[in-house]
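Labels run A, B, C and D following the written order; every chain starts at residue 1.
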Amino acid sequence: SHEPLIFELSRPGKIGANLPEEDVPHYELQEMLPAHLIRDDLPLPEVSELDVVRHFTRLSQRNYGIDVGFYPLGSCTMKYNPKVHEKIASMPGFALLHPLQPEKTVQGALSIIWRLQNFLTEISGMDATTLQPAAGAHGELLAMMMTRAYHLERGDYQRNEIVIPDSAHGTNPASAARCGFTVRSIPSGSDGCVALEELKKVLSERTAALMLTNPNTLGLFETEVVEICALVHEVGGLVYCDGANMNALLGIARPGDMGFDIMHFNLHKTFSTPHGGGGPGGGAVSVKKHLDPFLPVPVVERQTEGEREIYRLNYERPRSIGRIHSFYGAFLVALRAYAYILTLGPKGLREVAENAILNANYVRALLKEHYDVAYNSPVCMHEVVLSAKRQKQESGVRALDISKRLMDYGFHPPTNYFPLIVPEALMIEPTETESKQTLDRFIAAMIQIAEEAKENPELVKSAPHGTPVSRLDEAKAVKQLDVRYEPLFAKKGT
Amino acid sequence: SHEPLIFELSRPGKIGANLPEEDVPHYELQEMLPAHLIRDDLPLPEVSELDVVRHFTRLSQRNYGIDVGFYPLGSCTMKYNPKVHEKIASMPGFALLHPLQPEKTVQGALSIIWRLQNFLTEISGMDATTLQPAAGAHGELLAMMMTRAYHLERGDYQRNEIVIPDSAHGTNPASAARCGFTVRSIPSGSDGCVALEELKKVLSERTAALMLTNPNTLGLFETEVVEICALVHEVGGLVYCDGANMNALLGIARPGDMGFDIMHFNLHKTFSTPHGGGGPGGGAVSVKKHLDPFLPVPVVERQTEGEREIYRLNYERPRSIGRIHSFYGAFLVALRAYAYILTLGPKGLREVAENAILNANYVRALLKEHYDVAYNSPVCMHEVVLSAKRQKQESGVRALDISKRLMDYGFHPPTNYFPLIVPEALMIEPTETESKQTLDRFIAAMIQIAEEAKENPELVKSAPHGTPVSRLDEAKAVKQLDVRYEPLFAKKGT
Amino acid sequence: MSYISNTDNERKEMLAAIGVDRIEDLFAPVPEAVRLKRLLNLPGPSDELALLRHCEKMAALNKDISSSLSFLGAGIYDHFRPAIIEVLVERGEFLTSYTPYQPEMSQGMLQVLYEYQTLICALTGMDIANASMYDGATALAEAAMMTTDITNRDEVVVLSTVHPHYRQVLQTYLHWAQFVYKEVAPNLEAISAALSERTACVVLQQPDFLGYVASDIANTIEIVHAVGALAVTIVDPISLGILCTPADVGADIAVGEGQGLGISPGYGGPLLGFFACRKEYTRYLPGRIVGATTDQLGRRGYTMTLRTREQDIRREKATSNICTNQTLLALAATIYLCALGKNGLRKVAELVIRKAHYAREALCSIPDITDPFPGRPFFKEFVIQLPIPAQDVCDKLLEKGIMGGLPLQPYYPELGNALLVCVTETKTREQIDRYAETLQSVVTEMTAYAK
Amino acid sequence: MSYISNTDNERKEMLAAIGVDRIEDLFAPVPEAVRLKRLLNLPGPSDELALLRHCEKMAALNKDISSSLSFLGAGIYDHFRPAIIEVLVERGEFLTSYTPYQPEMSQGMLQVLYEYQTLICALTGMDIANASMYDGATALAEAAMMTTDITNRDEVVVLSTVHPHYRQVLQTYLHWAQFVYKEVAPNLEAISAALSERTACVVLQQPDFLGYVASDIANTIEIVHAVGALAVTIVDPISLGILCTPADVGADIAVGEGQGLGISPGYGGPLLGFFACRKEYTRYLPGRIVGATTDQLGRRGYTMTLRTREQDIRREKATSNICTNQTLLALAATIYLCALGKNGLRKVAELVIRKAHYAREALCSIPDITDPFPGRPFFKEFVIQLPIPAQDVCDKLLEKGIMGGLPLQPYYPELGNALLVCVTETKTREQIDRYAETLQSVVTEMTAYAK
């Protein structure tokens, strides 16, 4: 059932909010503002509160979330988001704090930030952590800034290259470029991991850092990670860990112990804060001691005054790269991550990684006869990348078709066409919170689709069949760009 | 898409809640309880928290509420339920009060009960109000008890008859019977209202009370209500007002001014608390002074102690009919009604009635050519009863078919086959919160269906076509009674 | 704000379509004489923010059980409520729907109620449950009325250990419907003496109002059955995590209060009455019942069934007058029971009984405080005997942020300075210890003063 | 509780299906040398109730703006948030979804974002808006970086009246990417002097950080354009209920913080950066953009579009590195703007400006308090000059439950004892009066003491 745009529901004179009354003298606007700065037209919709509630309720019903079903979107760690966290994040003592309140009025909040920093430091095996980044890519960018600051301070002015494997998330090269670096891409080895020879070829005194995702985007652990880090360090570069896949490592291994100098966390992925249709996420960056001075301001610190512990925001960090967020990052997201870590504890966190790995391998084991596995390692970590190249060759059914067909079985599709180095990639990350029953249903659907691709490829190519819209004309979306509701503006002034 | 029963999702060993830890000595159950009283089997499902969240989220998507669309279920007053009320009702200072707390710790709650009692007394034109009834029918039953108490106290032992028009809600005769009264039904006049001659025929010294709904279930105001009340009073009976339709009268007219002695409110209908799939509702009963002593205990009263106002629960009411609820009725429902009345104020309440009446008449005006109107008065109050007898005669399309077909247009059907005196009744109560736009869409669908009934009656008779299930075999549901999931019990002991 | 969405212009268009000039013309049938010629004398209107502030102010006049340490029970309990319940219950599709008269659009709630009925049967051991009642007390009253129908007898015998409020409500229902209410002491002789061929049923509570579990309940029920009467038991659903079921001990009807199953105390309402019985009494059941059936394509679906018992069909011959019930709270209880499940409910029941026993020991080891019922098994509530009036002690405790329990003097004056204490799984050992310490100091201080 | 739903038995079955004995076998590729041989040194696990109690305790260590009377602004505002927002935003289908890569299953959120983009265009007068940025400060930084791309120039000129934190973030972004950051006084001569053929853009804020509205902003932008540079303006979306748009005054890019649009202050995060520009710069836009198109049956539908600007497609050549953004907060802002609509946003803006003016009069009529910028038009924030250090006054006010505003000494030492005061529609006249009275008594007392 079609849901109109809210603008189409608009009727002059309606209002959907019960606003405060005017209880002060009624100054005319012209007494307060220059006439030429007062706007005459405000083309917003006019609808009732019921209209609003219905519209967004109905729109929500045209959306799919973890709460509705299985969502194996690879690299995104779509695990169950505990509802109790929403209750905590809406407590007035957190939700209604103004960031510029005096420190003595926010000791609870600062203490949570400080404690979470320490938790992440421990989980990463690093020495210090900041929660300033608003999301993972923001953390990457911060890491690039710190990398530059580190080298510049050492007088290493020539280091302008960031080495990145071709399997990396697009954010890696984008973040490097955003900070003015030149990106040197290296091809993955035949095992899907970094090939030491390829790495050696590009390393030089121009190398500022290597950005490495571990486990990588193929769901494979970089077995030679220690050697890799050593090689980069040998030429004077830093090694950065993209922590998007930390769900596979919790309590099992720590980037700090592998030789990484700096890493980011995606709080929303690893520590299960709701992804909200694309955000807000929460980032964090953990560093070794030699990078600590460069962390962005403010840094949350603890001081002991007599018997009391006092938390404060430290801006006196002369070597800091500066400020990267309006205030202190996504506090309410960090709060949920904090609650998650407290709930699970050290044993629970390790179980997360173990079961995430188990679930991925289970899917892999039961589907490997039916689809090609991208790189044929004996096992994978928390996700498995399949390839539909067999299906494409045999019947022209592509990864996209398989994805769309999965919708008809009630599942959200995996990530497709990523990593870019895998043809017809289907990147499946089941996460630890899914049950064997759900995986069995998903596996059965995937096998059924593989059958359909043989028997009735058209069925798959024309999927999905049960969604509110069928496949959309993406080319038209670009060519006839329609990114706002024009009639709203056409009416202007009338 | 089918959603399994939660029992079908069960797997041994799972749990969906993170329960408190045991922090006290571990006594064995046998040390505390006689062995023969300890149960061995507890056949409850075993599922994860994610399973639970998904299951009930998905079930909700198979349900229709006001938040989803138009719900013109006659006699049920399905108006918009303000979301802010849910926020208020979940404030710990209300939601977490224990009913046996000392009075001094619940002054806020008692004050709200006291104030709402007064609001309803004013709205009804009565002299006193209790919020004890848990729902409308509970209020009716209470009224019957008070009626009996009143007559018995006067030595009027022979009054065992309750007079009820044949258009009344089924709860009226049921409540009367539940209190041991004999029901005398009277036929409605040709105008759909009480016929004075018919009423006179049954009134006698055995008459305990007349139960009258005003506006009645045909959506018509009992124009002769003053005369009716006078007639009943003349023979010594009381007159009870079923207030289910108070939405039509707010601020326009008051039962107390019409001659009624006692009435009930449905807080959930008139004062817009969520209907919750069938409840909880909230009842209230307002009475004239002569019935005040019979109100159930406890009664919330206000005393002035020096400068302070103190609210208390008064149990010292020797003529009270007694207690009718475990505690004090549905406080959290009453709280929402209180918030609603404060939000609207006197002018807003009158606008409710006016617009409810306007909306019903608009539907009536635009549909009266296409469907028969049950009783052909020039106007109706807050609801209109149509009849599909024309459609039934012409093409065999019944009220039920039309109701089901409305689902295909995205609307909840009206109440059908009620009131019982109207053949093929379709009882439509749009409520004041629906917009002309929505009514226009509904009217268009109704007209379209009337067309379909002529052109393609099978389409209507086989509706609905777009719901998760089609028409259900109600006879089978009775004959092969299946009211619990048997396999759960079959497994017992294994 | 009146939540009316039409504008003046739209109203004009609508009036024109109807063919009248003013809205007042539409209520012409309301005689002038009964029209209200003034505005109602009420406060308001209020904007949303002002309303919230006002309600916060009113809430702040209360002291709730999250800001105090409460050992109050007596029918309303502070059990742990998982956060998922509120989130799911408040989904608009559930919250703003009504009685599922139209099953095709209500499969969600109908399936919930079918699951709820199954869960109540699982808890109570009974064959059939209805879809909810107003509360425990009215569920009891309905049960008693139902037994008068079934047996065609007119007396109801009630043990004095049944919740006092429940007895009062039962008495109200029976008295005004002209049935006989008889209260007896909770012993076999007294019960036997009260039974006769007029006895429709005997009402028992397990655990009883004072928290104690009757070992011989099955024997009692046997003698009830011996005179052709039925046994109605009131049960605490949480206790059924470890206690044997009403069916196990021979009861015919089981009722109770479901508030403990994930529902806020809410100053005593709304509540959730549950009601279950043996299948031979199915057609006497009050309230709604949901059944499974199939649709035209053979797909499983749910619908209200056995509707001819109900008031909207059967009118004065209905088994009850109940219409609106407590569906949303049945949903909350369903979510609660599913989330906890077999292992969770048992764990909660075990936590409760262990913590209650720990507390009893702690409290009864205070000098001058005694256990009036030593050796009697109990679940989550128990009685302690104080050396001074319980109400005075509680007043003092309240000053120290503790709601110590329910003084029993108003209900059972014969018990003297007795206090009913309730302990659930939400109380930590530290809190129980704090209660014991505070109580000791209060009692010491007050008895010293009394001397 | 680790929210893992499989049981030991199921794990065994799965391991068997995989063909290994133990889960450890599955991470064989992790070298022994880097395996953690101990448990992480972390607290926990915690049960849900204990977690809630802990968090309540931590929350109680804070003093929030609902329990105090706050006149803090400076980028985060206490605007009224209708209750419907939270209810709708927290619906699981929105809350637990992710980036709508698969439009067929994400039409709900895609349509929301299309509506959001439309609303941001409506507010700002710009041609195109993206689907959200992290916050106002990073949105500004992205805008400045974008102008370096567009103009192929490397200097960014920023007025010193821009929010200090925004300036700092901008400086960080520019500095490490090796662009030039230049700060100038907010007057035409200073700006003119700073402009050159290297100037990529000039950054202005309207109303500025101190709350004041620049009458001549259009003139300033004209001289910016005259050197071929672009004008980036930071705007307060609530002020756009009455103020003319950035487009009206000639700006090329408009960015800002959307927190005021129905989002909790949340101790400063998560926030909502909005970003809009003229259509000629469409292909330089950072972030996600949703567009309308049709499906195979010609039905209207929504999808992410212009994807080749983005990092996951274009990698190092992308217009930005942003990936996860603030969709859920864009949803909140969309609901807010729809609920208020044309009439509501204007009403709020009018309430704000009137209450702020009332407050300024009340505060500036206190003896010893002066208005440092008399006659300068302002919207919801203004500066007052105190006779003693603003921080000391605020400390004293805090003791009386009032957060009086932001002392400006750390940001603008040249302003002396200046205090930045913010008044929104949530403040009642009575509260403003109370602030004025308290401030007067505090100032009187402290100046007496100082003398």
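As a working rule, a contact is a pair of C-beta atoms (placed from the backbone, for glycine too) under 8 Å apart; a residue touches a chain by one contact, two chains touch by 3 or more.
All of these numbers come straight from a predicted model, not from anything done at the bench.
What's the overlap between the neighbours of subunit B and those of subunit D?
The common neighbours are A, C.
Counting C-beta pairs in contact, which comes out ahead: A-C or A-D?
Looking at contacts between chains, A-D has the larger number.
Measure off the straight-line distance from the CA centroid of subunit A to the CA centroid of subunit B, and report it in whole Å.
Here subunit A and subunit B have centroids separated by 47 Å.
With chain centres defined as C-alpha means, what is the inter-centre distance between subunit A and subunit D in Å?
The separation of the two C-alpha centroids amounts to 19 Å.
Could you state the distance in Å from the CA-based centre of subunit A to that of subunit C?
From the centre of subunit A to the centre of subunit C is 46 Å.
Find every residue in subunit C that makes contact with two or more other chains and list them.
1, 3-5, 10, 48-49, 52, 80, 82-84, 86-87, 90-93, 426
Would you pick out the residues of subunit B that each touch at least 2 other chains?
Answer for subunit B, listing residues that touch two or more other chains: 11, 13-14, 17-20, 47-51, 53, 57, 61, 66-68, 80, 82-84, 86-87, 343, 433-435.
Which bits of subunit A are touching subunit B when the two form their complex?
Touch list, subunit A to subunit B: 1, 9, 11, 14, 18, 48-51, 53-54, 57-58, 61, 66-69, 80, 82-83, 343, 410, 433-435, 437.
Which subunit A residues qualify as touching subunit C in the complex?
Touching subunit C: residues 11-14, 17-21, 47-51, 53, 57, 82-84, 86-87 of subunit A.
Write out the stretch or stretches of subunit C touching subunit D in their complex.
Answer in residue numbers: 48-49, 52, 80, 82-83, 87, 90-92, 426.
Mind pulling up the subunit C residues that touch subunit A in the complex?
My answer: residues 1, 3-5, 7-10, 47-50, 82-84, 86-87, 92-93.
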